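Labels for the chains are A, B, C and D, by order of writing; each one numbers its residues from 1.
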Amino acid sequence: MSETAGFVGLGQMGQAMARNLLKAGFRLRVYNRTAERAEPLARLGAARAAQPGETVPPGGIVFTMLTNDQAVGDVAQGEHGLLNALGEGGVHVSMSTIAPDTARWLARRHEERGQHYVAAPVFGKPDAAAAAKLWIATSGPADAKERARPFLEAMGQGIYDFGDDPGAAHVVKLTGNFLFGAAIEAMAEAYTLAQKNGISRQKVHDLFTDTLFACPAYKGYGRLIAAQRYEPVGAPPSLIRKDFRLVRELADRSETPMPLADLIHQRLTATVAKGRDDRDWAGFAQEASDDAGL
Amino acid sequence: MSETAGFVGLGQMGQAMARNLLKAGFRLRVYNRTAERAEPLARLGAARAAQPGETVPPGGIVFTMLTNDQAVGDVAQGEHGLLNALGEGGVHVSMSTIAPDTARWLARRHEERGQHYVAAPVFGKPDAAAAAKLWIATSGPADAKERARPFLEAMGQGIYDFGDDPGAAHVVKLTGNFLFGAAIEAMAEAYTLAQKNGISRQKVHDLFTDTLFACPAYKGYGRLIAAQRYEPVGAPPSLIRKDFRLVRELADRSETPMPLADLIHQRLTATVAKGRDDRDWAGFAQEASDDAGL
Amino acid sequence: MSETAGFVGLGQMGQAMARNLLKAGFRLRVYNRTAERAEPLARLGAARAAQPGETVPPGGIVFTMLTNDQAVGDVAQGEHGLLNALGEGGVHVSMSTIAPDTARWLARRHEERGQHYVAAPVFGKPDAAAAAKLWIATSGPADAKERARPFLEAMGQGIYDFGDDPGAAHVVKLTGNFLFGAAIEAMAEAYTLAQKNGISRQKVHDLFTDTLFACPAYKGYGRLIAAQRYEPVGAPPSLIRKDFRLVRELADRSETPMPLADLIHQRLTATVAKGRDDRDWAGFAQEASDDAGL
Amino acid sequence: MSETAGFVGLGQMGQAMARNLLKAGFRLRVYNRTAERAEPLARLGAARAAQPGETVPPGGIVFTMLTNDQAVGDVAQGEHGLLNALGEGGVHVSMSTIAPDTARWLARRHEERGQHYVAAPVFGKPDAAAAAKLWIATSGPADAKERARPFLEAMGQGIYDFGDDPGAAHVVKLTGNFLFGAAIEAMAEAYTLAQKNGISRQKVHDLFTDTLFACPAYKGYGRLIAAQRYEPVGAPPSLIRKDFRLVRELADRSETPMPLADLIHQRLTATVAKGRDDRDWAGFAQEASDDAGL
């Protein structure tokens, strides 16, 4: 019988991912800072832990899906944190969107204790998480990735590996979020241009996403942008603005000018500054409409 | 038996499109300013004309696929131009990428003579044109579009209509070129960021275009950008820079600020200014690499 | 006694400039499309003409200060235009902000008739025009510039010459308007940043324009931006948006990417699209405040 | 007789500033990490300290002029740092360009010990520092600012106060560096446009900086940009890139989109990525030339 794994972080994404692990027959011990979010999983058979470190025995494997670098640092450190709990040979599979340098720093802390850090951030909205249709990028030590694989396969539809560097998969994740943002900005400007020239946003959307842009990123976000209804909320603007802060820091550190990334960050910042954080982050498309006087 | 249609403009695109009309059984009379480009089609049975106006009898139908507004104006006007030749009831199917206002102006000139202007610009590179896999946007008078339809179906794999306004399909075409440029810029920055962080451009490209960006625009241009080899040349930077000039004029006239369109125009301008017009226009991706010191 | 000069174009700027010519003792024959604008000058002794061409005898000198390329072309051409009226040896001193290529085209038309075109666009707001404190850039044939000099000296406080090319001074004029726009955008972002960090816009403005930015451009526009009151209207956003269209075309033709010029054009376009054309063009500074949620 | 003050940080700027304090009759005890930089001041009568904390007695006043937040944190903290040395009633006058939040954090640490933090960043290049012509922005507790005033007057030509918040003067300093960068970008694009249209960079520079932009910022940096010789090095691109990182973080935290600040950061990043850090930071103007194919 399979080992019991830990799972820390039961937000919209983590909740769905943990559920798929349970469905696949894995036994889980789960933790969330706001404890009531663990209840639905408990009803499906998950054990509940009072501390992050109690989700995993020495030598065990634990998955984290948290909001930001700070939250990952918090569950790793401290008396009841993962670093203390994992013992020798334990594996921390880190699926959050965090800075590559944070990942590298944390990987070193784990290695100092004979533990392993596997980067495994995911692509996909909450509905993809629920359907076990995430795409997963991985990096880190080969043995640890091998141990994580059956779990990851239960949460996603494909795994792409980027080698040993524990920061690498996080770089890839940030790159992907940048690409999504670029697609949103592109459609925002394109559909606004059409609208201001008397052409239906929806018809333009249909043409392009039936044909040359027939892919999930354009279809998914574009539907919201065409209709100018930014629901349901996959992730709010403020959350992804955090990701673009990481993109910008990464670009800065690696000396890579990214004017389009900066534009998207400006748009997200305007969205938040205008108090429009109650919608999906694709709602930053409204900035292009605002600027056009619509 | 079907009527003989005229075809004016036998560049890389027009050549392939006319060939597909012949293959489909249409009879053609063709014209190109540089006459030798008509030879391959003549060998396939096309008649050759010495003037644009000689490609089409009064009341006939003629297709144009030319480089820019100026060239379309030139073949339409003048003693031996299409306006004089088309007589009453003739149809001009204009497939070039031109300014919507040029199209509207020309449509009025045709209407004054009892003729009809159908806008039918196309999406697709020369290989798509050769495979009759173009996507075609149309607008203009319904009867004339109906008459053009069998021809268009022989050149493309799908037709999207945008109503009566003869400028509308051209707006859509420019919108599409903008979306391509946006995808190129996005991948240029993304793959450069990956590269500067020690990650393979190709592997990042594979992940994204296998999954969330699995569509022709990203796969097609992205392959060039990942490999940093901008061949074969679908269209050179200077040609598409002309299109972005039209995008900017359209945005300006319709009071639509488009920062991303401006960025792409800056990139294309730098590419041409640096003497890099010997490659496909996706080669403007190199500007992101230049700025990163690569 | 000095010759009678023609003056065409009696808007806010032209009115003040013509008045200074009269004050300096020059005799004027003036024309404006809306005839009543000539009345104040007539009361000061100017003769009134019913057509542009009637302002100037063959061989004479005429000054134009008009809104755009179209208006300059209109007064130059036509039966009663300047080209027909100026005869041989006449001089057209063109002080409007127009495209360098328009100037070059018009200069050739004049030269064909043995006439001369002097480019003499001006820097300064209406109050500077009223005080004869304009700065004037000139270019064109040396003799004609010499003939124009006493007139120009009566309208401005300094003349800078840029050689023979009739387009050159117009390039310089557009370059200057770009620099003004850049200063406005810079102060807009700077003062907004200060405000959002709890610091008085006015105090920041005072510090910088007392010291390192103690110059008319920053003091003049900055006062409006600090106070966020964009009055009086030196020139409305829509008028200067026309100038930035010319800047962009010039940059495009000379293959000069200008991201900051594009940004300013975006701001001006948003200002016009939002219906804010009732203020001085420095009012585009409000876009930065809008984006910051203020 | 006046008290002995401490001075920590003897780079190009600090060296010149400390020298002016000595000239004005103040007694100094100085410290620099690289000890030999203290020698010229020692020859002028300054005492030398082996640790930052040894420059100042309990209750004394100490000035710091350091490269970045890290360096300021380092001299403040640690066994031999300023926090331990200043005792009760001591004053730390912090003249470096640092993040407002770093300043606020440090001010709280000082207040906990009964000490005071005065923000007093400066505007001016090394030549202005040498001539005691700096402009100084201050903020912090009123009494401590009063105590610092005679020293500041010996280093600068004017002091502008921004109230109690220890972060405020640092916000103003960053705002000023942003304005300088904006002026550099503006002139870079303007002079490049002129050059590509056959007009002398120098003549355009002369016109504008004689007239509407007749101020130190435009004259000083513009001279380098007109000549395209970026010497002497007031501050290298990498150092000011650090400042723009702080500007961006400040803009991000205060939810202020700043597209022009982002553009300047992109330019500085490209400059550093291309290995061009051996010149004055105004050398980022070359990016505009690069993009124009010059």
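We take it that a residue touches a chain if its C-beta (ideal position, glycine included) is under 8 Å from a C-beta of that chain, and two chains touch if they have at least 3 such contacts.
These numbers were taken from a predicted model, which means no experiment stands behind them.
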item: Taking each chain's C-alpha mean as its centre, the one farthest from chain D; value: B
item: Same or different residue numbers at the chain A/chain B copy interface, by half rule; value: same
item: Distance from the mean Cα position of chain D to that of chain A, given in whole angstrom; value: 39
item: Contacts with 2+ other chains: residues of chain D; value: 251, 255-259, 263, 266, 269-270, 272-273, 291-293
item: Interfacial residue positions of chain C with respect to chain B in the complex; value: 245, 248, 251-252, 255-259, 262-263, 265-267, 269-270, 272-273
item: Residue ranges of chain A in contact with chain C within the complex; value: 259, 266, 269-270, 272-275, 287, 290-293
item: In the complex, chain A residues that touch chain B; value: 100, 123, 135, 137, 158, 160, 162, 165, 167-168, 171-172, 174-176, 178-180, 182-183, 185-187, 189-190, 192-194, 196-199, 203-204, 206-208, 210-218, 247, 250-251, 254-261, 263, 288, 291-293
